[in-house]
């Protein structure tokens, strides 16, 4: 991934700072809606993490998955299953355990699906995703179709002293924010690494990469596993936020929404899918507030964006800002 | 180096059939170190299939391939490439969104023991960078280092294609129609480059342009319908009546 | 389960499979020829059912209602192709996915605005509203048999059209090479518009003729969509023959899954798909 | 795009700021409206149910001059899409974002559980006007959670006795494989087997699969004395039709009222003779019910159904509570509010009922049958039935 145009980097940084400061000024700007908006933004940031993790597969490695939500959901279910019923789980134990379990699941699903490609890959991932959905939907031990509850949020303690109260909305907001920024930076580092370069190249022309001496299957599998694990992290946080997991979080509808966020935001740009998550969720919120028939403007908006902005919002921003920086450079 | 000519790459009875159609039929080749070996033949003669077999892109139906005496039959493409058999493609096959340097750097990166490295930026591997720059210089694109590949002229992209192969640090270069679709000027430049390369590498060249072939290659093999019609030093084959009848005449007309 | 009931279950599976084939055939046609992943295919299925229900309130004959619903569906399909889909041919598959996803939302909302959120049923037309006695306790509804016959006849017709006619030849050519179709001097725009309309009609027809044994309600298009994709992919994208076999396979898997392994019934369909694709990564007839 | 939505957010913010000038807390004066959040399905399969509940509740409030405890009422409607994945999020939105005094909802059990979870966490007042999930007045029961409808067990249990009394000994039960289905089948099976009846087979289909043919064939081969089914909405419509078309009418079909309510017209002749139990019947021949039905028709333009009744009773329960505290919704009078609601006797169109310790109605369950396309009330199947509220600590 090439570096972002400087002016775009500035704009994005400013947006992130604004997001970071929201809990401070939100009370003043939206006195009535503040608590709700903070909660909503927390949820959106978690979805943005999910969208970015999917972008690693779809936009970078060219692996269009329609089963990504399975890992998101699994992350949440792991927390629900590992939490004692009426006591707090220890985050330092449940988080790594969750991530390992999700990574394991992603590696198996990836190993089986990566032998197919194109539309077949989409469908195989869909099949595995739906299997995951039905596994939790039909099984008794995790609440079946009614879902399961995490009655007490995990404790974050260092040497027996609580350092973070995940029950506090503002704390959770910053946990979500930190995860968003952290995952973005992590993925940037990853994409700049030798591994990331190979994966990016696979997304462009897999056969050529093979000809150069790399085995694409292995790289795709590792990328799939990393993406799935990050989605699991997002699902883990989402489960903490509402103390609730439901099979619907694994279903293809949820995968589809994440995919829409990625395409809408601009595949392969990483920041784009995060923006896509914000646009998608905020637009839905806005349209819902405006009209009962909110699906109509929502559908129209998606169609308009796909017709007008072929590379998504992120691609559009890149285009605008790189044109501008050329002007600035006197070119 | 003197003495016995050393065979780098060899095929024995190499055969590939698709369904009922035999594309390559029991091909026996010996590619000698630092020799430029051209394979010519009419369209559909099985040249490209042969290249794909040689570089592991297709598994053969029968026969074997030996690299420095070692069995590599059925090795996948990435393994063959890492052993030192680099190839270029008939259709331009560079990464258009990457810069020239990045194209070569990625190719050079294949020489790292493993690319499963996740944290240190790829651009900070000094030896990889040096190798990429060497390859760029060799293929004549040193001045184009930071150009985005997709924005360059067709001829330059073909050059870059060769540069990428060079960056993988190969011993054998398998070039599939490097001159295809090039204008006269571009062609001349490329022929010059190939002549240069012929001094350093074992060259296996698939090409239609006879003038280029005669000026570069030392050994010539003519393939027709999947089988070897004739093989030997360029001058001899060039004079061979059978070859002239079977291929060169038609080929010249068709060209 | 004795042999008699086993055979009846096979019949159930085949009947369900034939219906699935009819819906999926339009999807695989559009998919194979135009390279378009049409998520809105299920919406046309819904459209056919609702149009039939709506027209039945005025025309009083199921046959007539279906006959009237088809040209309307074709027109809607053609318009969507001409106004929206056409813009995206040179684009990435995923842009088409996004576009047709947006269309689903619009279709669903339009359905709600036009016909409300209630669930409706259509009476089985007189003459077909009786059952054939199979065992002491079980009868088989004649309408289901008629439905299977129609689906089978359409499948046969489709086979003939594709194998024997010029249109079919274009279709086969288009599936393998889009540029070649253009080279043959065929108006590709018109061909694609027609194919999209035909796909829409096939989906609408399925929704319409299945309406008497189905319930007509919101979201009916979404649930059929996924199962159709499963069918298409199992058969091999673009292959009508594959869709036919895939549909029968899924119909039988669903039927026997429910009876023999009820705890894994939901798995059965997806399990079959996963296994097929792991063995033949491009479907049965790619 | 981002710019537009940002502007939209600013506009919304300005609007919010404007309303923010008005006092929302009772403490400032009785001018503020009571905020009632209706979180119900307004789209999708259950949209009609959501609308009926809304109309019923509004009608109850309008009957009191549009006021609760002397305060005007403001409704905040939110479409829950029957999406359990977003249940807690939507409930939080109403509580934290819209500061509702009462949360009312919903139809889908999974969503209702999410709401109950949020209500338990935040202490918000919740009234469930439909979802029958047992846990809401079972393990998750709480002082601030009320239900004016039924528990899934409740309408199904009395059918067990009915089946036994009618001479059935071997019965097949069938439903979708999800919470409500299994709870309803459980209710019937408990009532039937405790008298000695035998469940030949319990068939559970993947939700919301509507292709029943394979299972109907299976039922035919099992030849039971009767079949008890729980389906709702389009599934109910289709199941009853397919059951008849498969020639199974010689085997009596039973279910809870959801098998026929609202879809009877679509089922047509196929529904003839189907036996159902429910806490309400459209044809209930009481003055209260007749008046309610006439009023509801005038109020909403639609025929009343069980959902309208449940919404209406939700409104009545609200009114009783708010009258007791004279409209004071502050924390100080919360205990009084809850106490008044707990002992309320609600004059429902279904017949008067009270609430159990777990806050679920203690109500009569009627036996109904479809005759000549009409639902006929055959009598009371079980008088003043209370849900056992398994797992509820306060019951």
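Read from first to last, the chains carry the letters A, B, C and D; within each, the first residue is number 1.
One rule holds in what follows: contacts are C-beta pairs under 8 Å (C-beta built on N, C-alpha and C of every residue); 3 or more make two chains touch, one makes a residue touch a chain.
Keep in mind that this is a model prediction, so the values were computed, not measured.
> Can you list the groups of chains that still touch once chain A is no longer counted?
B | C, D
> Which chain's C-alpha centroid is most distant from that of chain B?
D
> What chain lies closest to the overall centre, CA atoms only?
A
> Starting from the mean Cα coordinates of chain A and chain B, work out the distance between those two points in Å.
43
> I'd like the Å distance between the centres of chain B and chain C, where a centre is the mean of that chain's Cα atoms.
Once rounded, the distance between the two centres reads 49 Å.
> Between chain B and chain D, what's the gap in Å when you average each chain's C-alpha atoms?
Chain centres of chain B and chain D, defined by C-alpha means, are spaced 74 Å apart.
> Taking the mean of the CA coordinates per chain, how far is chain A from chain D in Å?
The computed centroid separation for chain A versus chain D comes out at 35 Å.
> Residues of chain B touching 2+ other chains?
none
> In chain A, what residues contact two or more other chains?
134, 137-138, 295, 301, 305
> Can you list every residue of chain D that touches 2 or more other chains, as numbers and ranges?
Counting only residues that touch two or more other chains, chain D contributes 43, 177, 206.
> Is the way these chains touch best called a line, a ring, a star, complete, or other?
Drawn as a graph, the chains match no named shape, so other.
> Can you give me every chain pair that touches, using the contact definition above?
So, checking each combination of chains, I get A-B, A-C, A-D, C-D as the touching pairs.
> Which residues of chain B touch chain A once you look at their complex with the stated criterion?
It comes out as residues 55, 57, 76-79, 81-82, 87, 89, 93-98, 102, 105-107, 109-112, 115-123, 125, 164, 168.
> Please name which positions on chain D make contact with chain A in the complex.
1-2, 5, 8-9, 12-13, 16-17, 19-20, 24, 42-43, 78-79, 83-85, 87-89, 92-93, 96-99, 109-110, 113-114, 117-118, 121, 133, 135, 177-179, 182, 206-207
> Mind listing the chain A positions that touch chain B in their complex?
Those residues of chain A that touch chain B are 189-190, 192-198, 201, 204-205, 207-216, 218-219, 222.
> Residue numbers of chain A touching chain D in their complex, please.
Counting only chain A, the residues touching chain D are 29-33, 35-37, 39-40, 43, 134, 137-138, 144-147, 149, 242-244, 246, 248-249, 251, 254, 275, 278-279, 282-283, 286, 288-289, 292, 295, 301, 305, 313.
> Over in the complex, which chain D residues touch chain C? Could you list them?
Contacts found on chain D: 43-48, 51, 177, 203-206, 208-211, 213-218, 220-221, 223, 233-235, 237-238, 241-242, 245-248, 250-251, 262-263, 266-268.
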